[in-house]
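Before anything else, here is the set of structures, which you'll find just below.
Shared chain: subunit A. Partners: subunit B in the first complex, subunit C in the second.
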Partner chain A sequence: MPGFLKEFFNRNGTGMGLAILGLVLFWTIGLIILPQLSMLDFSFRPNLPPPEIGGPKDVYTLENYKYLVYGPEGGSQSYNTVDLRVFFRTLLAAVCVTIFNLILCYPIAYYLGQSKGSHIRIFAIMLIIPYWINEILRAFALRIIFGETGVLNTLFTGLGIWDTPFDFIRNDIALYAGLGYAYILLMIFPMYNVIESLDKNQIEAARDLGAPWWRIHWRVVIPYAKPGISSGCTMVFMLSAGALAAPQILGGPSSLWFTQLIYQQFNDNNDWPQGAAYAIVLLVTCILFVLAVMRLFKVNMGDIGK
Partner chain B sequence: MNNSFLRVSIWVYLAIFFLYLLGPLVIMSITAFNSSGFPRMTPWECLTFQWFGELFQDQRILNGIKNSLIIGAGTVVLSVAMGLAGALMLTQIWPKLRATYYTVIIAPILIPGVVLGISTLVFWDRINRMLGLGADSFLSNGIFLTVIGQSTFIASYCMLVLVARLQRYDVALTEAALDLGATHAQAFRKILLPFMRPAIASAAVLAFLASFENYNTTTFTFGEYPTLTIELAQKVRYGITPSISALAFIIVALTVFFALLNEAKLKRQELVAAARKNATVEELAGKIKLPSFFAGNMAAVLVVVFAVATITVVGTATAYNPGQCIANVKEQKRLEAEQRIQELRKQREEQRKKREAEEAEQGDAQQSAPKPSNNSGFGNVFAPNTLDSDDEDDATGAETPSNNGGSGGVFDPNSLQDNQ
Partner chain C sequence: MSAGVGVDLENLWIRFGDFVAVRDANVNINGGDFFSFLGPSGCGKTTILRAVSGFLDPSEGKVLIGGNDMRGIGPNKRPTALIFQNLALFPLMKVWENITFSMEINGASAAQRRKRGDELLDMIALPGQGDKLPSELSGGQRQRVAIARALCAEPDVLLLDEPLSALDLKLRQHMRTELREIQKRVGITFIYITHDQGEALTMSDSIAVMRAGVIDQIADGKTIYNDPNTAFAASFVGENNVFRGKIKQVMGNEALIRTNRSGDLVARVSTANQGKLKEGDDAMMFVRPEAFAIAPDGATGDHFVTARVTHEEFEGNAYNIFTEGEGGKEIKVSLPNLGQSFEDHTGQNITLEYETRNAVLVPAGELAAE
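For the complex of A and B:
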């Protein structure tokens, strides 16, 4: 038995040590690692009916990944333009949602982190309450507002700003507003935690030395808050790229989110390997993208999640 | 920049921000009380409580709540246990493994829920097949899969909450207990667990809420046990009714109530601590006067106001009958519709008269004109609009061809449009 294991059991006792080790192994290996590997393996297999699984036809193939790039074999187009467009549109929209949330939330996080008083507690509660409401219901609330006879359209046509109802849903405005709305808290809290620990004297020193307010933010606050900003952005990006409820409820009929394609492969086409391949592509692309952006802004992986 | 201007703009910004954050919830809650069949705020029709009644008669919603509670309980137990074990492991793992281990257990937070759901489904399906079990075995049961899938990432949340508290734990306490002859299990149960209780409670609440509102993972794993969120999503996607608003209102009200209650409790603890600090020795020795629940505690006052308001509303709801108002609105709508029909009829009548006048003028010239190509070949008789329309006005319209002789109503602008 290796030394550290022996020490572990000495410290926790055999029974407790086994319980802890068992639970941790079940979680890390049984729930996190093996299912992901199993999905990866599955994505390289053809879609077979259950009796043929494990048979001679069950060989590794790149078919599912090829499908995403080139489309069905013998198809009219040389590339699978529909799915690829959905894929890139999803990534681009997730980036836009993240930037929008960052700009929206940074002043709030700064204000909450730097001012004292009992009203801050009230603001914190008001921030958390929407987050406790079901994701579906939040999307539903936005649908009531953005619908064709919704509050906004009634308001604006009533005021005479535009004559015919504007279709927010078909123009994806409702979708972006909904995605931004869903993840505000995940953007604010990491930033707030970091900015709260910023010494006020630093800001005052910068001000005394004559820096205008925007330079104080640019040179003092933002560099200090970088870990918080990057974890907030990472979470919002990953979650909005992987969102399913908001696109299903708020998305227009013609615009799809990549997760909806995965959902269709699983539930409508019953092609699990294809769906698994799409999921792998989404996961790997998102992780690579986040790592690339983090390297671009010189943020360490260890800062995330603090 | 002017300081007061900056202050005003901060407040304006805060107002807009919270309007964006809370406005949708408020509007959604209000629509639960409008009698309009589609959830909307304007035009306001009648104050009604019927959507709540409808909600409580919806079997699928009730069944969803039941499944959600079962799955939530399972997820809380499993993920708090795994989170605690993971946190304990994190504090004493071999340093070289620590970074890798931390990445692995934190990763599920960042992995999209869709991916977690799929991987759970695929993996347990494979295990099931390897063990040679049928499709109805325990391992492919919707509740089991959902609990497993949700716990994968909810345990990470729990771990983060628990490890924050665990870092303040003094290991010497456990060692003292062991020296005094306690077994490891006793030391865990009597020393560590009481210390961790507040964190465990908040982790459990967090886990339950996360499980209750999860959609992305559950949508792949639920099998034959749809949770409340799944049922809601089905309803919202295929036609929305105000009874969803009613459910949302209940959830919003409960959330606000518990948030206020929690805040009131925290505030009270603070006040008690402050009173202890200021108390003299005699006061501490004798009876310390604790501040009453309400003194200087805004949140507590709000809780009571909220409770009273709820009772009043429920009280009026049972007594209140919006039947008269709804009937009025219905009557008004009927009148409006009738008026519209009248107008339409008038328009058609005028059109017809005009047409007849025109045709009378140049009737002879037209009869000799070649018949324009017409898909049906039967003139206007089979034009869709004659069959579809519901008012009698078209009965006369259908007879017009016989009046017009050969031309068969083909010159009717309506029929041309319809035949295209």
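For the complex of A and C:
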């Protein structure tokens, strides 16, 4: 038995140790790894009616992945431009949402992390309480705000700032706002955690040496907060790219999110293998993208856990 | 002294709500001096430093640097550099980047910064260590990097907030000498905050003794030690034996004090209180442990104190005798070890003798906490 396991059992006792270990293994293997492996398996199989499953036609194939790139066989176009465009647009939009959230949340996290006093607690509670309302309701609330006869349009047409209602939904502004809003806590709290532990003297020292505020942030606060920033960005990016409710409710009629395509494959087309393949492509691409960005900014995997 | 830039505090008050942290401070610090604010924690010395560095605005009064009123000028625009108690080196920057941070702000090229960084590393006797991270250095080395970082900004005034307090005793004593040498070499004004009287006495040209927001005395170390203004200054700086009583008779610059427990004793009135202490005033007489000598038994008079020895200890450079005077009053006597034979007095009554010039009389007042 390796040393850390021995120590783990010594500390918790054999019974409790086994229980904890069992739960952790059940969680990671039973609830995460096995379902994902089964999805992976699905993605390489043809979509067959139930009687033929396990039959001679049930063989491993790359058809589902080819479909994303080339479209239906004998189709009018040589590439599946519709789905590919949705795919890349989703990734790009998720990147935009992440950057937007970072810019919005960094000052908030800095303020929360470096101020002292009871008002900080109240501020944090005010940030958290809206999240007691479920995601669907929050998305519909934004729809009410951004709709054609919604709060913003009524206000601005009433004030005479513009004559005809602006279509926030068709222009995806409502969608980006909804996605941004959905994940701000996941951006704020990792950054807040790190910035809170930054010694105030560091900031004062930089200031004392003549640094203007932006350089203090650029050279002292941001490098220090990097683990929190990368942790927040990773979560917001992953969750935005994989969001379903916000695009469903706030997305314009012509703008599909890639997750909506996956949803359609599973539910509308009843094509699980195709849906699984799309989901796997999204997952793997997101992971590779995050790893590449982490490498670019010299972030360690361990920092993400902070 | 030299042509350095002086710092003046004029009627400086600093309040936090109802709490008065600094009460009407008036200090003139000469350019090029090593000036210390000495006092127990919470006495307001760090608050004064923050007002000089610009992190804090005075409630009333002025901070002048080189004769210019600093009100409204931020810490990044003042000709001061501050060394923090915990040093506050930037942990993610290499040592040379730390040191030359102020040049980076002024837009100096990397090559210029490297060159200056190397010069400063030579000055603080850490050549070739520029590419390390601060965490890879020892406490004393980090200390010197913090000094170099502050000096790189070429300040007119260097402010030091108890920078040695985190170091162990040996290193602290070594850094005292080193700091003093650096100050002499660069010739700029140093303002040093400490609660350690040893640091203040060994390094400073001038010392301000502070108590609860008030400056009790500003003078050079010798004067503070030998001629304190107040009971606090007398008891905070160095060890002292206190005798409380009432003035019985003033004779020029000397006075006879009727002590509560040790009879009538003669003492020199401290310079600042000459002409002010009058007959009948409550007063305190201070005699340093090393100012006592053992007198022949039976000697009596106004500069003899009898006491019973409770215990003794040998400190290497001195023999310390702890005695109980009349009425249970504790008196410490310290006899230098000059190789003389030394008999144990424990349990005996001895007579102690002092010279009048070594007994200082100040008005009764608050003593420093032990």
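Going forward, the second predicted complex is superposed on the first by the 284 of 306 C-alpha atoms of A that agree within 3 Å, B and C clash if a C-alpha of one lies under 4 Å from a C-alpha of the other, contacts with A are read in each partner's own complex, and residues count from 1 in each chain.
Throughout what follows, a contact is a pair of C-beta atoms (placed from the backbone, for glycine too) under 8 Å apart; a residue touches a chain by one contact, two chains touch by 3 or more.
Model, not experiment: these values are computed from the prediction.
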Inset, instruction - Please work out whether A:L92 is in contact with subunit B alone, subunit C alone, both, or neither, and reply first, second, both or neither. - result: neither
Inset, instruction - Scan A:V69 for contacts with subunit B and subunit C and give back first, second, both or neither. - result: neither
Inset, instruction - Quick one: classify A:F266 as touching subunit B (first), subunit C (second), both or neither. - result: first
Inset, instruction - Pick one for A:R219: touches subunit B only (first), subunit C only (second), both, or neither. - result: second
Inset, instruction - Using the superposition described at the top, determine whether subunit B or subunit C touches more residues of subunit A. - result: B
Inset, instruction - Kindly classify A:D199 by the partners it touches after superposition: subunit B alone (first), subunit C alone (second), both, or neither? - result: second
Inset, instruction - Using the touch definition from the top, say if A:L209 reaches subunit B (first), subunit C (second), both or neither. - result: second
Legend entry - Which superposed partner A:V82 touches (first subunit B, second subunit C, both, neither): neither
Legend entry - Touched partner set for A:L23, first subunit B, second subunit C, both or neither: first
Inset, instruction - Indicate the residue numbers of subunit A shared between its subunit B interface and its subunit C interface, in ascending order. - result: none
Legend entry - subunit A contact footprint on subunit C (complex, rising order): 53-55, 74-77, 80-82, 84-86, 88-93, 101-102, 104-106, 149-150, 153
Inset, instruction - Give every residue of subunit A touching subunit C within the complex, in rising order. - result: 199, 201-202, 204-212, 215, 219-220, 223-224
Inset, instruction - In the complex, go through subunit B and note every residue touching subunit A. - result: 1, 6, 10, 13-14, 17-18, 20-25, 27-28, 31, 38-42, 81-82, 85-86, 88-89, 92, 94, 99, 101, 103-116, 118-120, 122-124, 126, 129, 148, 151-152, 155, 160, 183-185, 188, 209, 212-213, 215-216, 219-220, 228-229, 232-233, 236-237, 240, 244-245, 247-248, 251-252, 255-256, 259-260, 263
Inset, instruction - Can you check the complex and tell me which residues of subunit A touch subunit B? - result: 4, 8, 11-17, 19-21, 23-24, 26-28, 31-36, 38-39, 42, 50, 53, 104, 107-108, 111, 121, 123, 125-130, 132-145, 147, 149-151, 154-155, 158, 181, 184, 213, 234-235, 238-239, 241-245, 248-249, 259, 262-263, 266, 272, 275-276, 279, 282-283, 286, 301-302, 305
